[in-house]
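Two complexes come next, and they have one chain in common, subunit A, joined by subunit B in the first and subunit C in the second.
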Partner chain A sequence: MAETLVTSNGLKKYFAGSAGWFGKSGDVVRAVDNINIAIGKNETLALVGESGCGKSTLGRLLINLLEPTEGEVYFKRQNIYKLNPAERTAFRKQVQIIFQDPYASLNPRMKVRSIIGEPLETHSLAQGKEMDSRVGELMNLVGLEKGYMTRYPHQFSGGQRQRIGIARALALNPELLICDEPVSALDVSIQSQILNLLKDLQQQLGLTYLFISHNLSVVRYMANRVCVMFLGKVVELGSCKAVFDQPLHPYTQFLMMAVPLPNPKLRNREKRILEGDVPSPINPPPGCRFHTRCPYAKGICAAEEPELADFGGRQCACHFPLG
Partner chain B sequence: MPDDSMTAQKADSTGNQRPEGEVMLTVAGLKTYFSTRQGVIPAVDDISLEVRRGKILGLVGESGCGKSITALSILRLVPSPPGKIIAGRVVLDGKNLLELTEKEMGHIRGNEISMIFQEPMTSLNPVYTVGKQVMEALILHQKLSKAQAREKALAMFNLVGIPEPEKRIDVYPHQLSGGLRQRVMIAMALSCRPKLLIADEPTTALDVTVQAQILRLMKELQEELNSAIILITHDLGVVAEICDDVNVMYAGRIVEHADVYELFDRALHPYTAGLLKSLPKMYQENERLYNIVGMVPNLLQLPKGCRFHPRCESARAICREAEPALFETGGSHLVRCWKYKG
Partner chain C sequence: MEPKADMPSGPPGVPARKEKEPVTESFWRELLYSIKQNRSASLGGIGLLLFVAAAIFAPYISPHDPYLVNLNAQFHRPSPEYPLGTDMYGRDILSRIIHGSRISLVIGLVPTAISMAIGTILGLLAGFYGGRTDSAIMRSADIVMAFPSLLLAMVVMYTLGASLLNIFIALSLVGWAGIARVVRAQTLSLKEKEFIEAARAIGVKNRVVIARHLFPNCVPSLLVLFTLGIPGAILSEASLSFLGVGAQPPTPSWGLMVSTGKEFLSVAPWVAITPGIAILLVVLAFNFLGDGLRDALDPYMKH
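This part shows the complex of A and B:
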């Protein structure tokens, strides 16, 4: 990894259940529980895991859309939770986010010009003719005709809306983009268009991506490194090639084995299927959080939580790593 | 996983002991159109397909291609207005379902054909226990007493692998995880031992490890009960994993039909081939992904000629002029593309 852009240090985010009708008071969801990761400049780090593992929460913590319960995040060696107002404004320009649902993330009452131009306006960077020309540039960049500037979101297809969301995120020339399931809501034929666009933009603009996804094939295509999460913890972290070729953590292995492959000749491949459901993050099991579903678990796994340890350039948190 | 009581019933269930591979459901020339203020939408436009006993038929395509409306049309559940089945036949073991009275159709639904949907939370009633909802179908269709229905519901919960069924039968849907809810839906759908199960994106809302469990369960039950399944999905991985035959749909039409091995080996339609090429591979370094250019046409303004031609790299003059039929290319492989006109 070249230069590091973002580092998290003992990052935790607990959500307290509210006392009241449904939630029992005192329930605490440990969505992100002591995470240390670093993202290098110009790389794509993928966050994978099943629903509720904390991947979206982590993404939001890294750009200060959420306040952590504990821990720090450094962006270019600055603690992003301790910025003065001027520094915060500068920081906001450098990090942006693309959301999963292109139907919910664009205001239906705003024209495309105002949607893409809003960040420019907020930061008083452009207005009038200048803004039009910048919005036009951005639309060209993401493969939209700039003549569509005066249209509303509902006049676009899902793929085009996602392009609008990307253009908006790029308006301020950010360095870091959080891509939160950017293609999950899109059809297959549109998905590859958007993935290729994101790759091109990264090269062209020198962007850094945190790519959150549950789709492992997409992750393999997009990312340099992959970070596998389970119930708020990082269980494995390493280069895509290393992790996909030979996973060390049993959870990673099961996750990969569960992916249906588009080749019927492989349908009878060795396939072991994880039983049961993901345990609740409210009262995660003691010891290793995966031990209740892990076929290799032994006594120590229920008693002692494994640390994320180094294995020749990659990391894994397991008492009995595979391989 | 299935217990003895279920296996014993296998013999007496209607029709399911007939030979595997025999055609049990034929859809011929089905057209379901929707009238809107902007015009008539041909959501399903002249679809023909065959479902074979003991086999899983995949219906694949992207949003808006008409795969779900085809399923709803088979069950005559298309909301009308605005939708209307304007032509075609849906023949289940000799009976044309489109000619039945609403009362007769009510007997077919649940008893002979049942359906499971993508989102188990919205298709279960939140104010009744899951047991009550499974029992309701049994009491209604099989005229069982409450006690018998409860016993049968427990057996079904066992069959679909719900742990501690005696406890789970009395809980409400929100108390179950997504995977368990989908198992309840499957238990409900199979409780009256239908000949045909229509599963519309049954695993799309589930996590990948749970998806694997549900797919395995559906395959096991289908083999165990020798029933047929129409599996509607947009996920070519899921198709490759459990289907026997596949129909690929595009803009209201079937564009390719083949045996699953044949389809993945030798996809002929440029759309099918393009979809397969645009999937990232999990176990190898990927070259740049292939793109199908453009997007699905608006069904209100369908292009003249082949509906795929504006996105097709090998489009020729004829493709812009006339729409191709489904041409036979040997065996049961059919493709709607001028390149393969005999």
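This part shows the complex of A and C:
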């Protein structure tokens, strides 16, 4: 990891449930609980974990779409929650987000030209003819025909819509792109197109990705490093190869075993499926949050929460790391 | 690191189809099409056009002067001379109904438009900002809705005095609350959509988000509310005039005509019944069209 672009420091986001009628305080969901991660320039950090573990919340916290309950995020050594209006505008140009659902992420009442041109207009970067030509460039960049500029989103397929969303995100020449499950709503054939497009764009434009996904095959294809989350906490963080080939945390191991294999001959590998449900993030179990489902759990796991510790260039939060 | 413009357009797998004419105004065109497909909605539309035409060209198409008193022609039965008969002052009822359509049209459009404007703005603000703004706006709406609307309008008319302007004020005061509720609900559901989040990620200002992203997506439901709100306003005006706190004689208001005609229901039933039928037809036309619009727009709202 060369130069660090984003760092989070003790980042927490608690969502308060609605307070009861008689002043009873509501339940608190700890969506993101004390997370310290760093993303290097030009790398792809993948965020994996099951639904509801706080991946998307973390992604939104990192670009100040959500306010944290506690903690800081530094983007190029600037605390992004303490920016003055001018700095905030400048920050908005440097980070963008691509969404999961290409049907909900484009305003159905706006033409493609206005959708892709909106960032340019908002930051007064281009107008009129100049904006048209810039929008045309962006459309070419993501592989869309320039002539489609005057169309509405509903006249496009899912994959094309996702390209429009990518073009919009690229309009401001951002450095960091949060990809919030950018392909999980697309056909498999379209998925590979979009993934390759993202990879090409990263090389061409020197982008940094936070790639949120629960599709591990996609992650393996895209990521340099992988961060595994469980119930709002990071349980393992390391290079893509290391995490996939030799998971240290039992949860990671189970995740890897759950990946479907295309090769039938390999299907008789040892396969265990995780039992039980994810514990509620409202009342996470004491100690290690995974101990209720972990086959290796011992007494200490229920009593003491394991810290994220270094294991030769990678990190893992477990009392009894594997391997 | 400016993106390169000279990249080949269209990656493998996405056929770069050339089309002659990109469809731009598909929304209105499709809307018109589905109205045409719907029999009752087209009937409503035609009725509506006739009503508007009557209001616009009233002086040219009415056979007599609506205010002309002719005591020699009291209570004429419908005849070729007076197609819908005459009232107690010998005034031609057809002419009065045609002229009355002007009042009904204005009463239908203006207060509805005013309450739509107020309700839309307040609903957008309540839904978008939430918290205290939301509570303040929606509790006021609840208070307005808690009163029987006609009673509230009557109170306003009694205190301000009976005049056309006061009818506008009374009906607008009553009408905004329902609109605000619908718009707020729509805003709340739209706010969760990712395109709003995308706009925030770009750094679009709040008021631009409301004007550019939220409002246009409320337009389909507003269109339906507007068409269904007009007959309500027409009926309210007719009721107020019937009760004597709306239009004052000799204005040819339909509600007032029914009210004065009811005295002579046994001798000359046409005096009260014909303006009543006019009210019925116009309200039906608007309702038919409004229902058709709602059916046509439903699939849009689902997207």
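Everything that follows uses one rule, which is that the second predicted complex is superposed on the first by the 317 of 323 C-alpha atoms of A that agree within 3 Å, B and C clash if a C-alpha of one lies under 4 Å from a C-alpha of the other, contacts with A are read in each partner's own complex, and residues count from 1 in each chain.
We adopt the following convention: contacts are C-beta pairs under 8 Å (C-beta built on N, C-alpha and C of every residue); 3 or more make two chains touch, one makes a residue touch a chain.
Keep in mind that this is a model prediction, so the values were computed, not measured.
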Subunit B versus subunit C as contact partner of A:Asp187, first or second or both or neither: first
Which of subunit B and subunit C A:Ser51 touches, first, second, both or neither: first
Partner chain(s) touched by A:Leu195 [first = subunit B, second = subunit C, both, neither]: first
Partner touching more residues of subunit A, whether subunit B or subunit C: C
Partner chain in contact with A:His154 - subunit B first, subunit C second, else both or neither: second
Touched partner set for A:Ala258, first subunit B, second subunit C, both or neither: first
First (subunit B), second (subunit C), both or neither touched by A:Leu83: neither
Contact residues common to both interfaces of subunit A (with subunit B and with subunit C): 159-160, 189-190, 193, 196
Contacting residues of subunit B [partner subunit A, same complex]: 62-63, 163, 177, 179-180, 207-213, 215-216, 234-243, 260-261, 264, 274-276, 278-283, 285-286, 288-292, 295-296
Complex contact set, residues of subunit A against subunit C: 60, 63, 65, 88-89, 92-93, 95-97, 99-101, 103-111, 118-119, 122-123, 136-141, 143-148, 150-152, 154-155, 159-160, 165, 168, 170, 172-173, 189-190, 193, 196-197, 204-206
Of subunit C, residues touching subunit A in the complex: 1-5, 7, 9-14, 16-19, 22-24, 26-27, 193-195, 197-205, 208, 212-213, 216-217, 219, 300, 303
Subunit A residues touching subunit B - in the complex, by the definition given at the top: 50-51, 157-160, 187-193, 195-196, 199, 214, 216-218, 220-221, 241, 244-245, 254-267, 271, 273-278
